[in-house]
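Multiple structures follow.
What follows is a pair of complexes built around chain A, which joins chain B in one and chain C in the other.
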Partner chain A sequence: MKERYSQRKLVDAAVRGLCLLATGAALIPLGLVLYYVTSRGIGGLDWAFFTELPKPVGEAGGGMANALLGTLELVGLACLFGIPPGVLAGVYLAEFGQHRFAKLVRFSADVMSGVPSITIGIFVYTLIVLRTKSFSAYAGGVALAVLMLPTVTRTTEELLRLVPESLREAALGLGVPKWRATLSVVLRTAAPGIATGIMLAIARVAGETAPLLFTAFNNAFWPTGLAQPTASLPVQIYTYAVSPYDDWHQKAWAAALVLIGMVLILNVAARVLVRHRVRSR
Partner chain B sequence: MALLGAEVNAGDVLFRGVAALFAITIVLVLGAMAIQMWVAARPSIAHSGWRFIVGRDWDPVRDSFGALPFIYGTLVSSLLALGIAVPISLGVAVFLTELAPPWLRSPVSFLVELLAAVPSVIYGLWGIFALAPFLRNHLEPFLGKTLGFLPLFQGPHQGFGMLAGGIILAIMITPTISSVSREVLRAVPDSLREGALALGSTRWEALRHTILPYARSGIVGAIILGLGRALGETMAITMVIGNRTDISVSLFAPGYTMASVIANEFTEATGDVYLGALAEIGLLLFAVTLILNVVARLLVWRVGRAPEGARG
Partner chain C sequence: MIQSLALARTSEATRESARTPARPSAAPDRPKMRAEALRAHFGKTEVLKGITLPVESTTVTAIIGPSGCGKSTFIRCLNRMHEVVSGARVAGKVLLDLQDIYAPDVDPVRVRRRVGMVFQKPNPFPTMTIRENVLAGLKLNGLRPKDTEELVERALRQVALWDEVKDVLSRSGTSLSGGQQQRLCIARSLALEPEVLLMDEPCSALDPIATARVEELIHELRERYTIVIVTHNMQQAARVADFTAFFYLGELVEYDRTDVIFTRPSEKKTEDYITGRFG
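For the complex of A and B:
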């Protein structure tokens, strides 16, 4: 009997060890990627990288200023097209969403978040690029907005549901109409949390490449308008990474460092915000 | 109604209407996606018919479109990714819910989530310059020497190929599977856990005989969600899989995936049939991921609303 017990304990310990090992194994790639991007990218970051246009093949120097600007443009457009509808749809689901229709919306949002980003690229291509006959920042922005939409909607809904019912009742009890109660009491209470969710959604779309390949496309020059093909950091990284030139590889690593820096800052900031809020409650 | 004092506020009606409008938008966008893709794919469906799915010859110049190499590459790389990622992700989920001391849980789960935050193109860049050379010089020779009797591990060591693709995908879907399984494990009532432990189970026995059976359908759901991500993943795998339309049993050989061929050829596609063929691949991906997502969500949802008697 005693022997069996020690055998059981042994199995238990082995499983615990394996779980610990698995966690370590899952985190190794993260460490490796961060290490490679930092050590190879840091050398390529100089003033020119942030201020100059890319040089043609064979010429040294140049930078990625247009791609940086392009990424800001595209993400800005995505926010413009994606956040207001997402938040309002979330408000609908949380405040009025008790019917079958709301179930359908919720379900569509969940399903949409699983749609491969490359197919969203095809969708926006047929919807916008084919009709306007041009790759454009608009098309890229719409593609990223479609990617953001389900996340923003579901986050907003979840956070609005956390707002205590008593707050709603208090506002309504003071004679405020429901729309004002929702906007200036409920939504306001949940705003920091929603902002956090939006930051995470932005971090995600800022690094998306696939949906931009045939919507925003690429451009070697300064953006001159939103109806023009527009360069972006992820697409530029891809183009440079698969090219045969060492100089371009170096630039790809540097751009990757900038991109991953942006994404990490957004993620860490979102996390700090959440923790701060939890503590102050 | 108005007479009875239920005054209708015009602002309320407007507000509700606007919110409902945007809610409808989500459904409409999803519907529009399906319709647009189908319309775009129609020339190819008319041109190739069933040959599209079973044909192995992809030659746009001769208008011959057989997508089997892409379907094969997508399936093999995704299944390989699941083979690697599922045990690791479940280990992570169990570690985070059942074993880790509370102070360690949130930093570790944050790090695992960061894995999902790293952009796909950066995994691809790392794959080209770090993972593929490592596979070519170390892992593939090693596997060839020890397991070379299996056809899976034969052939020249190139670095770029199915194995590289599967590993990259595994890294990328680990956070998905582990975070959903973690939620599922957390939804298992504590009373079950406590009951099993009070009867003298070790942690492992409680897990094996009580917690996992309860969470099984949710964990299957998590794995299906991971599969859905792996099937649709584009950039990283395009950069490491080698992009060749051969069907080879060896994991060392280069392959091609459905998402990769869209990424590589879509902007160069001339003619309705060629463009339609790529759109049809997109449509297939869309349909498959849609079905997987529906099934997965239903499974995960079932654990959340288990019978009342089982609740604590």
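For the complex of A and C:
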């Protein structure tokens, strides 16, 4: 009896150790990336980086303010185009989708989330850029929105499914119309989770380069309108990183650091939001 | 436990004294609701096989029977909640004040406002405060009552919850204990001033003390509301109900005054069930 117990404890310790080791191994790349980008990029960060336009080759100084602004603009557009249809589709799938059509939508969303992002870039290129004969912030926003769509849809659906059936019945039992019950009870109950899912989707597309190469393209100047080619951090990083100039490389690292910082802030904000909501209950 | 028994006994006593003079044994001439040849299906399975049953005005009607006999389905048909589940169908009539609630021109949403429902598991809205929960039915229906404070107090007093929660009205509805949550849910239904209140095993998730409180409450509500209660607990049916219906395998076996059902049932099956021989 005693022997078995000590043996069990041994196995327990061994398996725990393995799990810990695996977790560590998974964290190492993250740590290395953060460390490497920070150490290389921190030197390039100064006030000018956040406030000035890029300087032409050969001139020292300059910044990436236009790309920063452009990324915000593109992500903003992506949210505008991507979140409402994504959430509504999720609501449809979870609350009204008992038909064969819903299965099709669900399947398409799953397939879409596996489509390489460059393909989506080309798709939007043919759809919008070729027709309007110009790269534009619109096109970039649409490309990112298409990329977000399946994630937002499926997250919304999953989270709505987690809302207990009893709450829907409670609302319906009070003589509340179904649309109102869905909106004011079901969606509201799942809102913090959906918000987190959306934030993670935003964080994911904020770092996308490929779909923007064919859509928003790039621009060395301040964004002047939504129909103009627009600079963004990922594309700027790409452009600078493949250039032969050392000070551009330095700037690319700095931009990478800023981008990671933005994504990290979004992620942390999403989590804090959820924790805050849970605690306030 | 002892306390709960005592509670139950006192409530029994008050009830007996209140009931005898006020309530004539004969039923009022027109029932508040009446199911006529009511059939309900889940997909291909027939759950109710033609039920005809009156629900008398301002009385408590209990539905008893073993699990799976269709009692929950039956009361869910009384406010058109059965059809909410996909694959569920209803045939036959349910009259509410002589009007068939399954007539094609009747809006189920309207029916549910007149016929409220309390569920087996307490289900207050977790995103709402206690106050908001009480008002939820009105607010979600787009009504803007004037004296909300008074309304909240009245509804919570009706369910004897006011004294327990009056200082914590802005706390979440889910912060209450199970029994308090259930009474909050009853208050939420009552705030809409329904004509009929359906209760689907309202005490099965509650401890004996909370159960006694809810039974007490049912006894008081009976003065103003028509109540239909589904229960697994035959003692409960005997304690709270004026009329009792015994369901078995989707059919109504027997319906009569509660004292008749429990003392001299005319069907063998009813007798077997209430004496615990099966079910």
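Points to keep in mind about this one:
Here is the rule we go by: the second predicted complex is superposed on the first by the 242 of 281 C-alpha atoms of A that agree within 3 Å, B and C clash if a C-alpha of one lies under 4 Å from a C-alpha of the other, contacts with A are read in each partner's own complex, and residues count from 1 in each chain.
Quick note on the criterion: a residue touches a chain if its C-beta (ideal position, glycine included) is under 8 Å from a C-beta of that chain, and two chains touch if they have at least 3 such contacts.
What you are looking at is a predicted structure, and each value in this text was computed from that prediction instead of being measured.
Of the two partner chains placed around the shared chain by superposition, chain C is the only one that A:98 touches, whereas chain B remains out of contact. When the two structures are aligned on the shared chain, A:259 is found in touch with chain B, with no touch to chain C. Once the two complexes are overlaid on the shared chain, A:204 sits against chain B while remaining clear of chain C.
Once the two structures are overlaid, the count of chain A residues touched is higher for B than for its counterpart among chain B and chain C. Contacts of A:170 after superposition: chain C is touched, whereas chain B is not reached.
Within the superposed three-chain model, A:185 lies in touch with chain C and out of touch with chain B [touch as defined at top]. Overlaid on A, the two complexes show chain B and chain C touching the same residues of chain A, namely 177, 180. Here chain A touches chain B in the complex through residues 8-9, 11-12, 15-16, 18-23, 25-27, 29-30, 32-33, 36-37, 40, 84-86, 88-89, 91-93, 95-97, 101-102, 104-105, 107-112, 114-123, 125-127, 146, 149-150, 153, 177-180, 182-183, 200, 203-204, 206-210, 213-214, 217, 234, 237-238, 241-242, 249, 252-253, 256, 259-260, 263-264, 267, 271, going by the rule given at the top. Chain A makes touch with chain C in their complex at residues 98, 164, 166-177, 180-181, 184-185, 188-189, 191, 281. Chain contact summary for the complex, chain B toward chain A: residues 9, 11-12, 14-16, 18-27, 29-30, 32-33, 36-37, 39-40, 87-92, 94-96, 99, 108, 110-115, 117-126, 128-130, 171, 174, 178, 202-205, 207, 225, 228-229, 231-235, 239, 259, 262-263, 266-267, 278-279, 282-283, 285-286, 289-290, 292-294, 296-297.
Within the complex formed with chain A, the chain C residues making contact are 79, 81, 84, 86, 109-114, 116-117, 119, 121, 123-127, 136-137, 140-142, 172, 174-175, 185, 188-189, 192.
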